[in-house]
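Dropping the structures in below, format is C-alpha cells.
Look at the two complexes coming up: chain A is in both, with chain B in one and chain C in the other.
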Partner chain A sequence: MNNLLDITEKLVNISAIICTIGISISLLLLLIRVMVGPSNADRAVALDGIGINLMGIAALLSVIIVTTKLNDVVLLIGILLFIGTLAIAKYLEKGVIIDRDVD
Partner chain B sequence: MIFTVLIPLILACFIPLLSKIKEKIHTGVFVFFIPFIIFLYFIQFVGNDFSPVRQTFRWIPSLGINLDFYLDGLSLLFALLISGIGALVVLYSIYYLNKTERLGHFYVYLLMFMAAMLGVVLSDNVFVLYTFWELTSISSFLLIGYWHFNERSRYGALKSMLITIFGGLSMFGGFVLLTVVTDTTSIQAMIEQKDVILNSTYLPLILGFILLGAFTKSAQFPFHIWLPDAMEAPTPVSAYLHSATMVKAGLFLVARFSPVFSTYEWFFIIVSLVGIVTLCWGSYMAVRQTDLKAILAFSTISQLGMIMAMLGFGTEIAVFAAVFHILNHATFKGSLFMVAGIVDHETGTRDIRKLGGLITFLPITGTLALFGTFSMAGIPLPFLNGFYSKELFFESSLDLAGASTFADLLAQAIPYLAVFGSIFTFVYSLYFLFGTFAGKADLAKLPKKPHEAPFGMLVSPIILVLGVILIGLFPNVVNGTFLAHAAEAIKGVSIEKHITFWHGFNYTPLQMTLIVVGLGLVLVLTRKKWAGAYHILPGKLSLNRLYNAILDKLDDWTKDVTQSYMTGSLRLYVAIIIGATLVVTAIVMLVTGGFNIQFNDLADVTAIEVSVVVIMVIAALGTIVAKNNVSAILILGVVGYGVAILFVLYRAPDLALTQLVIETVTVVLFLLCFYHMPKLRKRNESAGTKTINLIISIGFGALLTLVGISAHSSKWFDSIADYFIETSKPLGGGHNIVNVILVDMRGFDTLFEITVLGLAALAIYSLIKLKKGAK
Partner chain C sequence: MFKPNDLILRTTTSLIAFILLGFAVYLLLAGHNSPGGGFVGGLMTASAIVLMNMAYGMETVNKILPINYRTLIPIGLLIAVATGIGSFVFDVPFLSHTFGHFTLPIFGEVELATAMLFDLGVYVTVLGVTMTIILTIANDQEDGLEGNEIGEDSDS
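This part shows the complex of A and B:
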C-alpha cells in the first residue's frame, strides 16, 4: 500500500515536470509569436496564450513544491488575463479603453 | 573704548528719524557731534607717558571670539585720524550736500563706516577685525553707490566691492591659518608667538593671504584700479574714505602684523616692491588724468604705495617715516579733496581742461590748494609737513640691504625708483594746482559762474591746512607725544626721531629732493611735449581693460560651461547621472577591493528557473528592438509576468499576486495613454552617442550584477528573518509572515506607502482636472 503511494507520488512529480517542460516550450513558441507577430492582434492573442500557460505553470509548481498557497495566484491570473485581453482588444479596436460619456 | 565703536552704530539707527526734520536742521548737524566727542575721548590718551590699554567684552567665548579692544600708539594714531577727519568731513558735508539729497541714507552709511573703521583699528581679535573689515567694505560700497541712479556710480561701487571683498576673504583665510598655527585669536598673543609663525610651514600662505587683503584694501598695484572709479562717490566720502581712512586700513594691517613678519625676507621683498611699484605707477598715471578727483585718486594710490614701501623697509627710520606720513597724507590729501569738491561745487565741473585761472574767483580755496599741493609734492619749505616725510623716505631708502641677491638688487634699486616716483609726484601736484588756479579763466566753458565758497565749507580744509602748517613748523610736537608710540607699536622699540629741517648740503636726501624739484620743474614746463609717452605706456595695456575682460569672460565661460551640459535633454542628464554613478561606484569598489565573488553559498538551479529566465531575457531583448509602442509594452508584459512566475518559484505568493495585478494595471495604463503618446521613431543619433549609450548601459548593468554578486558573497552577520518566523504567530497573531511584517512589525512603512499612493492619486486627479487657465 505504502509502495503504491510512493509510486503515485513519483508519477505525479514526473508528469508535473514533463508538463512544465512542455508548457515552457509552448511559452517559447508563444513568445516568438509575440515578438514577430505581424500585427498587434497576433501579439494580443499570443499574450493571452502566455497567460493561460502561466496559470498552468503556477498550478504545476504548486504540485511540485506541494503547497496550496498558490491557488490564489492561479485564479488571479485568470481574472487579470481576461481583463487585460479585453483592454488590449478594445484598444486595438477603438484606440481607447474607457469611453467618455457622450451625454 | 567699546562705546566709541558702538555709539556711531547705535546713533545710526536714529538718523532716519532725525532726517525727517532735515528741512529745518541739516541732519549732519546732529551727526557732527559723534565723531567730535570720540575725538575728544581719544585725545586724552595723547602724551609722553602713554601705555597701551586693553579691554575685553565677551562675545563668542567658546570660539575664542571676543570683542577685545587694544589701544596702542598705532591704534591711537588711526583712531584720532578717523574721528578727527570724520568730524571735519561731516562738517564739510553739511555745506556740500543739499537738503534735497537723501541725507538719512548718507549719514547712516557714514556712521556705519566710522564705527567699522574704529573697530578695525581697535580690534585685537582677528575675527572681530575681519568682521569690521568687511563692514568697511560694505559701507564703502553703499557710499560709492550713493548716487545710484548714476551708471558710473554703480559700476564703481561694484568694482570696489568685488576687489576689496576678494582681498578680505583671502585675509580671512590668512587669519584662520594664523589661528590654527598659534592657537590664539589675539593679535598681541600672535606677536608674542612669532617664532611659531615664522617656523610654520604655512608661513608663505599666511603672508600671501594677509598681504593680498592689505594690498586690495590699500589700492596697491595691481589692485589699485577700484580707487579711481570710487571717485564717483560724493566728495566728502572721497575725502574721508578714499584718502584718509579706509585705504589706510591695508597699511594698518601691514603695520599691525609687521612685528611678526618683519624678519622674514619675503615680507621685505613683496611689500617694498609692491609699494615702490605702486608709488611709481600711481604718480606716473596721475599726470595723464583730466578729472581733479582722478588726479587725487592716483595721487592717493602713489602715496599709499610710498607708505607701504616704507613699512616694507622695516628699518627704524622707515617705520617712523611711515607713521609720520600716514598723518601728513591724511591732512593734506583730505584738504585737497575738499578743495576739489569746492571747485566742483562752485564751477560745476571737475574737468581740469575746462578749469583755469580760478585764483581770482576762489582766492581762499586757491591758497589752501597751494599749501596742500606743495606739501604733497614735498617741496623743501620749512612750514610743510610733506617735505619732512619725503625727506625721511629718501633717507630710509638709502640704508637698505637685502640678504639674498634679489633682495639686495631691490635694495639697490629702491632709491632710484623713489626719486623717479617723486618726480612725477611733483609734476602732478603742480599740474593740479596750476591747471586749476593759474592761467587765464575761460568762463564760457564753465557751467556756473564761479564765486568763493561759503565759509562753512572752507572751515574743514582750513583746519586741515593749518594742521599741515603747524606740523610743518613744529614737527617735534607730534613726534614724542604721539608718533613715537605708533612707531613703537610697529617696531617694538621706542623710536625717538628728532626731525630737523636743515641738515646741510652734504646730506644725500636733500640732494635727492633737489633732483626731484629740478627734473620735476623741467617736466612740468615741457609736459605737452612728452605727453605722447602715455600712448606707449600704458598705451593699450590697461588693468581696467583686464578687469572688464575678466568679468565679461567669466560670464561667457560660466555660461558656456553651464550650457554645455544643461541642454534640457533628459536623455543627456540620465546618461550623465548613470555614467557618473557607474564611474564613481566602479572606482570606489576597485580601490577598496569591494568586488568579492564566491560560489560556495549558492542554491541549485532547476530546469524551470532556467526556462523562465531564458524567456524573460528573450522578452527583454525583444522590448529593445520592438518597432511600435503596443508591441513594446506587450513584450514588456511578458517580462512582468515572468517576474511573477519567479516569485511563485521562490515561494512568495503575496508578491506574485501583487506583481500580477500591478503588471496588468501598468499595461492597461500604458494602453490608455498611448493614444496621446508619440509614435516610437528611429533616433538619428551619431554613432559616437550610440556607442557611449551602449557602453554606459552595458557597463551599468555589469556593475550592478557584480555589486549584487559581491553583496551575496560577503554576508557578515546572520539574517534577522528567524525572529519574524518565530514571533509572527505569538506576537503578531498571524500565520502570514509577510503580512504580519507589513502591518505589525514594520507598519510605519506601510502607512507612508499608502500615503504615497494617495498623493499619486490626488496628483493624477489634479493633473487631469485642473487645466491651466481653467477656473
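This part shows the complex of A and C:
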C-alpha cells in the first residue's frame, strides 16, 4: 500500500514537470508571435495566450512545491489578464479606454 | 463616430464585478494567515471599479457610486493612525496590537485581531489613491483635440 502511494507521488511529479516543459515551449512560440506579429491585434491575442499559460505554470508550480497558497495567485492572474485584454481591445477599437459618457 | 454594441461586455461586467468585489473582501479578511491583505484587497476593489468604468462610462458609474475618491485617502490614514493612538489608552507603546477570542452568533468562536483595523485603513487608502490616479488620467480629454485624433486614427 505504501509502495503504491510512492509510485503515485512520483507519477504526479513527473507529469507536472513534463507539463511545465510543454507550457514553456508554448510560451516561447507565443513570444515569437508577440515579436513578429504583423498587426497589433495579433500581439494582443498572443499576450492573452501568454497570460493563460502563466496561470497554468502557477498551478503546476503549486503541485511541484506542495502548497495551496498559490491558488489565489492563479485567480489573480486570470482577473488581471481579463481586465488588461479588455483595456487593449477597447483602445484598439475606440481610442479611449474609459470614456466619459456612453450613449 | 460609430456607436459600438457593448451588450456582451456589459452583461459580463455586471456578473464579474460582483465576483471581483467578493474576492477583494476575501483577500482583505484572509490576510492574517494566508496570502492577501489590505494592499491586494484595495487593488482588487479598484480593478472592479475600473472594469465598471470601462464598460459603462464614467458618468454612469459616478451616478451609482457617488464617491469622491480623494476623501478616501485621509479617511484611511486616519483609521490607520487611530489604531496606533488607541494603544495609548491601554498604556502600551505606539502601534502595539492585540487579539482575543470571541463567540459570535453565526460564526462561532473566532479570533479577532486589532491588526485587522490597521489593514482596513491600508485598504481604504490604496483604493482612494488608485482610483484617484486612474480617474484623473481618464478625465484628461477635455480639450477634445487629442482624443478625437486618436479616435480617427484607429478607425482608418
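Please note the rule applied: the second predicted complex is superposed on the first by the 101 of 103 C-alpha atoms of A that agree within 3 Å, B and C clash if a C-alpha of one lies under 4 Å from a C-alpha of the other, contacts with A are read in each partner's own complex, and residues count from 1 in each chain.
In this text, a contact is a pair of C-beta atoms (placed from the backbone, for glycine too) under 8 Å apart; a residue touches a chain by one contact, two chains touch by 3 or more.
Note that the structure is predicted; figures quoted are calculated from it, not measured.
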> Putting chain B and chain C onto chain A via the overlay, clash or fit?
Replying inline: fit
>> Going by the contact rule set out at the top, does A:Asp99 touch chain B (first), chain C (second), both, or neither?
In response: second
> Taking the superposition as given, does A:Thr67 touch the first partner, chain B, the second, chain C, both, or neither?
Replying inline: first
>> Quick one: is A:Phe82 in contact with chain B, with chain C, with both, or with neither? Answer first, second, both or neither.
In response: second
> Put chain A at the vertex: what angle do the Cα centres of chain B and chain C make there, to the nearest 10 degrees?
Replying inline: 60
> Which chain makes contact with more of the residues of chain A, chain B or else chain C?
Replying inline: B
> In the superposed arrangement, does A:Ile57 touch chain B (first), chain C (second), both or neither?
Replying inline: first
>> Quick check for you: in the superposed arrangement, does A:Arg43 touch first (chain B), second (chain C), both or neither?
In response: first
>> On the combined arrangement from the superposition, state the nearest Cα-Cα distance between chain B and chain C in Å.
In response: 5
>> Taking the stated contact definition, name every residue in chain A that is touched by chain B in one complex and by chain C in the other, in rising order.
In response: 69, 72-73, 76, 80, 83, 87, 91-92, 95-98
> Hey, which residues of chain B end up touching chain A in the complex?
Replying inline: 607-608, 611-612, 614-615, 618-619, 622, 626, 628, 630-631, 634-635, 637-638, 641, 644-645, 648-649, 651, 653, 656-657, 660-661, 664, 667-668, 671-672, 674-675
> Which part of chain C faces chain A closely enough to touch in the complex?
Replying inline: 3-4, 6, 9, 16, 20, 23, 27, 34-36, 40, 44, 47, 50-51, 53-54, 56-60, 134-135, 138-139, 141, 147, 150-154
>> Applying the document's contact rule, which stretches of chain A touch chain B when the two form their complex?
In response: 17, 20-21, 24, 27-28, 31, 34-35, 37, 40, 43-44, 47, 50-51, 54, 57-58, 61, 64-65, 67, 69-70, 72-73, 76-77, 80, 83-84, 87-88, 91-92, 95-98
>> Quick check: in the complex, which residue numbers of chain A touch chain C?
In response: 69, 72-73, 75-76, 79-80, 82-83, 86-87, 90-103
